[in-house]
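Order of writing sets the chain letters: A, B, C and D. Residues in each chain are counted from 1.
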Amino acid sequence: MLEQLKQRVCEANLMLVKKRLVVLTWGNASAVDREHRVVVIKPSGLSYEAMKPEQMVVVSLDTGRVVEGGLGPSSDTPTHIELYKSFPGIGGIAHTHSLYATAWAQGKREILPLETTHADHFHGAIPCTRELRKKEIASDYERNTGRVIVERFRTLNPLELPAVLVASHGPFTWGTTVEEAVENAVVRERVARMATETLSLNRSAKSMSRALLDKHFLRKHGKNTYYGQMKN
Amino acid sequence: MLEQLKQRVCEANLMLVKKRLVVLTWGNASAVDREHRVVVIKPSGLSYEAMKPEQMVVVSLDTGRVVEGGLGPSSDTPTHIELYKSFPGIGGIAHTHSLYATAWAQGKREILPLETTHADHFHGAIPCTRELRKKEIASDYERNTGRVIVERFRTLNPLELPAVLVASHGPFTWGTTVEEAVENAVVRERVARMATETLSLNRSAKSMSRALLDKHFLRKHGKNTYYGQMKN
Amino acid sequence: MLEQLKQRVCEANLMLVKKRLVVLTWGNASAVDREHRVVVIKPSGLSYEAMKPEQMVVVSLDTGRVVEGGLGPSSDTPTHIELYKSFPGIGGIAHTHSLYATAWAQGKREILPLETTHADHFHGAIPCTRELRKKEIASDYERNTGRVIVERFRTLNPLELPAVLVASHGPFTWGTTVEEAVENAVVRERVARMATETLSLNRSAKSMSRALLDKHFLRKHGKNTYYGQMKN
Amino acid sequence: MLEQLKQRVCEANLMLVKKRLVVLTWGNASAVDREHRVVVIKPSGLSYEAMKPEQMVVVSLDTGRVVEGGLGPSSDTPTHIELYKSFPGIGGIAHTHSLYATAWAQGKREILPLETTHADHFHGAIPCTRELRKKEIASDYERNTGRVIVERFRTLNPLELPAVLVASHGPFTWGTTVEEAVENAVVRERVARMATETLSLNRSAKSMSRALLDKHFLRKHGKNTYYGQMKN
């Protein structure tokens, strides 16, 4: 079963490159197997060009230690683990330094819901964390990155808002599966870019109405969806 | 005859992807057969990758109900129907969430005619609708989207201005055929982008003169055209 | 000999598409044969996809009338002829509606020399014409477009500044050959884009010093060039 | 041994094109062989299309004269030599007129460290030189370009900040090898673009905290690195 998950995590990482969300080695995707309490994640600093499923690293969800794999895991692994522990409904995470979302993270601004495709996927503004404090950087830095994300979501539902911007760093997205996490990363990058272009035309652009936001999110999610084909 | 129309509608939808006006499943093109009073349109939420002509859905222009096809039609079908009913001269419609036109729709600004290729295709500014009201969103949302477009065109000629921006949503274009609707979408995206780049250089850029606008529109449309090769 | 010129003009037109300076049919390149007093130019409104050398149209430099070819010439032909008549040193012209240069033409701003690659090719700012007057549009429009360009160059040397922006229209470039005209179009688009990006960082960016402008232009042009390989 | 270096320098130059950092002939990469006191560099003004290792030019690090090769060296060779002489730890240099970094050089602004991938590669802001003076342009121009770079680094460590913007000109990067110089050019262009996009969202965006800058730079460089795979 883990072989299959390694395959999917490897493909998700390669998809981030294909969708132009990752340059060099700047990104990582992971999936959690909650039954076996392990996370499967990309190795650290490895080139994407010859990446293979068997190179994916398996780490314990409880201890963070490598339990399988000959390579070291992504340096961002403690961030992923923190999110898996705090957001029980999620199954996969994708982290990138994609151009537009990172610009919003650098600018330390949340991405307002300006248009219907944003509302189709994110039930509100994509939030931005606070900066990490000096001592949060000095020790346990990557784990603290996860903690400021969780702190930001205290009053938010991570399943209705599957993305965040980490200030001065970049975006993380998630989903019920690693494939959904990647799709949410694609959408997040696109709405980030559309929001950037909108601001250049109208610096005081405002969020869409709550009615329109709800309409679009709820026609694709929840009980009364009517977008797409019914799944029998 | 409908087989041929399904073929053309399928190709038009794929052309929107090829011209980079559509990402994921965010777009749809349709054509009307006014003699048989049906609209042929893309299925809802279907991936473009293996899209085939026989998957196109046929709906009644009068009732909006599916009359042929095993899949559900695009959720935007009621918008298309409203436009076909109100604009008798049009034969095809294309809807996208393309980057630049959507930014103008999010910024809620009309696209001024700044340059001659705009004037070659659109006889004036590309207008933007008002926002939908809460009750227009709550029920009959997609049909009301069509209605605010029609409302915006009360004093405009849809055949001389074959494009609109729906506020907080995105652009629709049309034409006498579905192929023309797609070409107008390509031009609209390009003039939207050129207008964005112009504003970044000169925030108070003004419309071209009426004389120049008329000159370019009328040398390509109407009785005295002299652009392109004469059709014998 | 004209067959060879048709071949070169056809290739130059296709190069404009390859270099992404032309979308749809929005552009044209021509060459002059001053000995035979003819201009070879692209046909009007023809798709680039199957364009062939034998479709190029030959028009008289004196009368503007077609002297060879079964298709009508580009509607911009009178503009080209006006430039060939007024700028005796030029051998080719390229006209596009490329994104960035057109934005500067729409914004009605000259492109300042901000950086050395601009100075390598253009010995000063790329100028912008005035708007055409109502009566200049009403009759002889395309010829008058050439005239406002020539008017703008009254005190400028077209061989040292082989590009212009026509206000509310788009750019024209030229060169001693049609190939040079196309290369100058490539460079003009690039410096236009770099200038746009510069303005977004520093709205009061100024021209480079005259000393640096002269240094770069003159190390590539004139008697004391030392850039590139010596031609024996 | 020089054959190998020519091969690497040729590949580095072609990589600049592949990574879209160079258009036309606007760029050059070189490597130094400090033992033999020579620099291997691209020929001047040569098209990249058929570039071959044996065309690379070998010049003396001491006299700047060609010691091997039938073509003239890049006109920027004296700049490279000045940097090799002044920065003893570097082994390769890449110069481009890439879009975003050049815009910062034209805007005469240093690129602030706004985000972690910047900090992973550059231990502070990427600096911008002063303008050259009139007499520095009039004679020994290319060598003086090197000198203003060295002047700018008087209090900076070129191995911790392997990039510079030359005002009104463009960027230079370097590294311990020519391959590292090219990688640093790729990263520099990306962080330049991300910084541009950030400024468009937040014109008063500030540098990240010193703590975060040090954290990221030092987890990849120096004694206590823990990013990537350990090299045994």
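Please note the rule applied: contacts are C-beta pairs under 8 Å (C-beta built on N, C-alpha and C of every residue); 3 or more make two chains touch, one makes a residue touch a chain.
None of the values given here were measured: they were computed from a predicted structure.
*Asks:* Hopping along touching chains only, can you work out the least number of steps from chain B to chain D?
*Replies:* Shortest path length, in steps: 2.
*Asks:* Taking all residue numbers at the chain A to chain B contact, is the shared part over half or under half, that is, same or different?
*Replies:* Both copies touch with mostly different residues.
*Asks:* Rounded to the nearest 5 degrees, how far is chain C rotated relative to chain D when their C-alpha atoms are superposed?
*Replies:* About 90 degrees of rotation relates the two copies.
*Asks:* Could you find the chain whose CA centre sits the greatest distance from that of chain D?
*Replies:* The most distant chain relative to chain D turns out to be B.
*Asks:* Can you give the whole-Å distance between the Cα centres of chain A and chain D?
*Replies:* 33
*Asks:* Roughly how many whole angstrom separate the Cα centroids of chain A and chain C?
*Replies:* Those two chain centres are 47 Å apart.
*Asks:* Mark out which residues of chain D touch at least two other chains, giving numbers and ranges.
*Replies:* If we look for residues of chain D contacting two or more partner chains, we find 200.
*Asks:* Which of the residues in chain B end up touching chain C in this complex?
*Replies:* 114-117, 183, 186-187, 190, 193-195, 197-198, 200-202, 205, 208-209, 211-212, 215, 219, 226-230
*Asks:* In the complex formed with chain C, which residues of chain D make contact?
*Replies:* Going through chain D, the ones touching chain C are 23-26, 43-46, 71-72, 75, 97, 99-100, 102-109, 131-132, 134, 137-138, 141, 168-170, 196, 199-200.
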